[in-house]
């Protein structure tokens, strides 16, 4: 177990190094001068040059990358050009909001997706199945921002059920979370359905039924825990997508989380923030995958480390 | 085949939608009412706002006085192009790496799988944005970015498939008969990975069309003035509260197209599923 | 001796693309208290379908089309699903062919053994656990107190099949249906399991329906035998009669095609051809196409089960 | 000179762990197996599941690369052959698999299946010749050539097994390794295939290594039999001798466990306790000692040697030394 | 006057002159909720150089002088009065009796510290160029040769501040009204780090920062000891981060927020919200407008590419339909015909000479292009940035007009930072940009953008004309007045006749103000006057 964790951590470090390298190369290739960006349109060339020197932008690539890595190791993700704060601080400030939203969004996916998946599995190959299939595919096929805007207008503004946008307590995350849930739930329901169908056809389900177990007991007690395993695998990779999706959702709802900051940073090419959020998101995904792997051990006793 | 259609009528729907999309994309110049990029003075209201659907502009105009109907037609081209080309790129990279990884294994496998880990850990949207920002905004760069980043899933699926096919006894049999690696790869392994790859590609075409719209929304989609459904939606969302037609027509078009690919991919998945069709 | 289970004219069909096709057709047999009935036949002849029909555990596309299954004083075919659940695992228990996949991989052994106790006897907590350990001891599992807390994947195939038997034994069933319980096991392990089953049956006066395609197993374990071919019972009777005096050409062919340890023959007898598929069954005797004695008469009409002697019947015009 | 001689064959699968796939142990799937097969002879290999029968068979063909040992085919060590030479050698040694469903490519017609070996080895220059040979092969294995253009799924298990045999015959081999060719078949069909193998041997002078776990089948078809346990050969003798006088306690137990299809037969069964141990940590000494009723102290520590107790009858057991 | 009334749907925006006092008595108290697009980038006056930061900095800090109401007129602020020596070089400010929130008094040193901070290279202040090399000794201080700024003197025990300039500077008071030159507490500055100060202001202003949740909420509370008696009226202003224009509009419609002002779009009402507001009978009545002192233009490269040819540039002037562009902007602009906007107090030409006047005439444009040697047009690139969705729309419209005269222009849209980086190379063939005043004087346009010594950074069209340079250099040090104005007019006429730019619009600031929010006005140079607004009982 311990050695497994150490091995995984080793792998994660390699992954993160790769990500840091790629982001750095990208940022390096971006045709934009941070010094000019900080100083703005009206600054003189002399000022800009002075700042470039001060920021070490005239050093060779390897040296800059080395500095960047050293800084990362010390927990320093750089300094935002436009917000005059360390990127780590900025991410830290917005982390709770994003975390809250991510959690709700993910739960929404599950709350919508899993029951539909179970239902579809029980009605395998019937008319209702086609209908659910179609509906869930429509969910998958909708752009997130489209759903978000429509929900914002109809549910929040017209029906006045939730705050229209902005950041705050739980009521502010329901609608953005729901947006993500609607567009993402279908993946879960479809996955759960197919794994559930497989499980329901398996021998041990027949064993359970031969014991006289009632359908509910068979599904919840025997089938669900087995069927959920591939769903969890997907859930782990979905976290990467979740982060990407949240970027858009936060922007649509004016929710001040890391995603919104990333979008603004992208529009302004505030590269330290872009790099910082990418790296942070990667750490998040890697960490989450790690947790999921450990979780497997709890759900599926066949897995040992 | 007929049985499949009967069991999965939705595949039909998917096929029709995809064919419709291809038709519109190919014949856009013949179907257009106006030049899609032309800005009409009479296409804007007195206030400077877009016009709702009317007899001249059947889908209305956008906020630059352009004919939405014609733009939706041409948008089909761009969206399809982005979807197809980016999928082909990721298909190519993913399949090659997946085969290499799965068939040769060992060190190469470890390296490639680490690489897919890296790709999967990236928040794709941010990454495409960064890539396009550094390459410059153009449709080519967009599908390169989406394609180059989207291969990881394909690679994993292909690798898994290769690994399982490799263990089939008929592969062992071919080996026992003295078939070369190359023969086994091309004659046995490759035909076996085609079905899942076709399914994945079909699904990813739809997905990439959606991604394009998201990137347009974030301002790094297809370069103006050319219309894609994505950038039309992105423009439309700015004014949707008073000019919803800007959102609804391209939105509906995109929905139908992506739905078409998803239904088709889904149907093909069932068709190729050995458990179902025996 | 009184009959515990009596299957009469049972026909079970499956919905396929070409409509409902009977997998077993007009099957009748009975099992007496404390008796072991063997059902033999080639793959696909309907052995499992028969047993699943009795348990009413057919998949969604299968249904019992006619006939009755009299268990003690009830007709299982007419029983509601809720009442049927009270029978399953309680009065009739079943063990399956695949010990590797028949146990739920995510639940501990103990939990799986006690589940039917919870369902039928409301037994839980330490009492149930004690009972589970007792059952494990009964089926000859060493270190039972530890094994209750193990997951199935830690056990070998033989151990798992023992666990399956323990599960079946949990509620002291009156009838045990064992569907090829040893086919997936090695001979040495098979010997262990068969030994165990024989012992348990003797101790508990339990009736048993043993499905197998291995005539050796039948010879060792059963009191009476039903031979099935292509969804029909082709011969049934006392185990001695069947082996001493096989009557149906299929039974004869079957017996002659097994290589035997104690004789050195250069050439085996074999039945030519293959079993017809359930979608296109011949109208008359289903074995006619492979039978060396077949005449036009055989192809025209099913001869029906005919008495050979006492309780020995065969479905053949030669009788 | 025997056609095939295997000396001290070993195959250890590494158990790999971790980032750099470090080897943390080995599965000793085959751990020192020696045997020989003469032209036209059938050598039977029996043993319980997981004892290394298939691994032995595949190692002989170099489908998996053996860890150690010599494999002499017609006097030449095939482990020393280069890939081109090995490819040519493969014409002479073929394999038939257990699973009739998995061993045929579902995408190929039977014709393609049968012509593939001819194409690989450039056996015929024209399509017509290949076609003729394919029909001929179908007839040899008792199938109608008219069904050449069907797909494998349109055949029954026994018929598929015949196609598998026909494929092996396509290159005119001298030796066929049959890895449980009848285990998946019903008795009535099983006897058809066994008879076919018998006939082919007589007609074509083939040698077989016949792998099975069913003693009665092995005994029926084999001239000599090797009994494997946990990666090792524990007994090797002519078929009749093994049945009439098994020497190794394991062979005795194995024989006694076979159900006899006779309700009145007398049975004095040796029921072995416990299961087969894992080949990744085999017991010390004699691998069978934890289950052996006659185990002595020496069995726990010293590996018994391979000795010829009777003429042509080998055994590895302390009871006989 | 009545000009601060919401202008109805009239096309021509009015220029407001005085704060609205519209009869009704101001009411004290209440909380004003406002949406804020993103966060305040800076709260330190040294660093604040954008409208969003100004919104806060102007509530937290005061300068020596400020603009009066909605006008361009400079009036005293923290200086209760000031004098200027006859040679225009020595300014003497007599400071009002004001205190920082921490109770420390405002002294001459409060300003000297701030000037030093602006000139300190470490702070990279955008204000440096406005006083260096203007104030005596500024450059010596900036380059580290002097420990103090010789031109700044604290007199009269700190109650008087004397500033000596190197030369006469007619725009210096405007400069002093910029937030860069606010009073700061020297001891507070000495005691805290730069980044702390940037997030924890300590000023004299009408509101202080009571609390903030990073990136979410900023609560401004009334300064009860504000040196100007009687204001502010509001108890509290709460800014909530909300960057979604759609949500901002809906919040306003729900009455949750008091106004859609500077803090949201940086330009007033966000462009995507503007049409929904003016098209609604209810909300259109709540719109305020003022013409900015700013000009939007298409820059044409005067040095490289086809546009280096003056004939080509003149041809292109005829190709652009400015009325259509104003329409694309939804009417939030006036069509432009020259560089200086009409909202500039001086320098605007009511009637340009014929050779500097262009009207929309694509046929003529084509003819001129043919004459210039491009009968089939040419291919070029227009650069624009993505900070405002209007930029792309305008550029697309220009692209289509250029297409109509045979010129194929590809659009290169990039982030603001990238755009500027490209822009300052002086190699962009064409670009869409706006110049917004730092202060209302023609020198801020003509000298900054067309003097050849400003190439390539501000003068990024690479315009270079010795005659113009001479006019601009002469005017720079002249006393304000007609003579000086005339020099600027002459310079502009030459520049326009050479078609260095295609000025196409003078942008209009817009704000939507709830009917219950009173006292609001728009000053073209400043931001929302939150200290003057009050909430009427409703």
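Going in written order, the chains are labelled A, B, C, D and E, and every chain counts its residues from 1.
Just so it is clear, a residue touches a chain if its C-beta (ideal position, glycine included) is under 8 Å from a C-beta of that chain, and two chains touch if they have at least 3 such contacts.
For clarity, every value in this text was computed on a predicted model and none was experimentally measured.
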Fill in: Joint neighbours of chain C and chain B, given as chain labels
A, D
Discussion item. So, comparing each chain's Cα centre against the centre of all protein Cα atoms, which one is closest?
Written reply: A
Practice prompt. With contacts defined as at the top, give the pair, B-E or C-D, that has more of them.
Written response: C-D
Discussion item. Averaging over Cα atoms per chain, report the distance between chain A and chain B in Å.
Written reply: 21
Worksheet item: What is the distance in Å between the mean C-alpha positions of chain A and chain D?
Response: 53
Worksheet entry | Between chain E and chain A, distance of the C-alpha-averaged centres to the nearest whole Å | 40
Item to complete: Please report how many Å separate the Cα centroid of chain C from that of chain E, as a whole number.
Response: 91
Practice prompt. For chain D, jot down the residues that touch at least 2 other chains.
Written response: 19
Worksheet item: So which stretches of chain B touch two or more other chains?
Response: 133, 136, 219, 237, 240-241
Worksheet item: Which chain A residues sit where two or more other chains touch them?
Response: 11, 14, 30-31, 149, 153, 251-252, 266-267, 269
Discussion item. Touching residues of chain B toward chain E in the complex: what are they?
Written reply: 37-39, 41, 44, 47-49, 63-64, 133, 136-137, 219, 223-225, 235, 237-243
Worksheet item: Can you list the chain C residues touching chain A in their complex?
Response: 55, 57, 59, 85-90, 93-94, 96, 98, 101-107, 112, 115-116, 119-120, 151, 153, 164, 167
Worksheet, complete the sentence: In the complex, chain A touches chain E at residues 30-34, 36-45, 47, 50-51, 81-85, 90, 93-94, 97, 149, 152-153, 156-157, 160, 164-168, 251-254, 256, 260-261, 264, 266-270
Discussion item. Quick check on the complex: what are the chain D residues that touch chain B?
Written reply: 19-21, 58, 61, 63, 86-88, 90-91, 93-95, 97-99, 102-107, 116-117, 120-121, 153, 164, 167, 171
Worksheet item: In their complex, what parts of chain C are in touch with chain D?
Response: 42-43, 156-159, 186-192, 194-195, 213-220, 239-240, 243, 253-255, 257-262, 264-272, 274-275
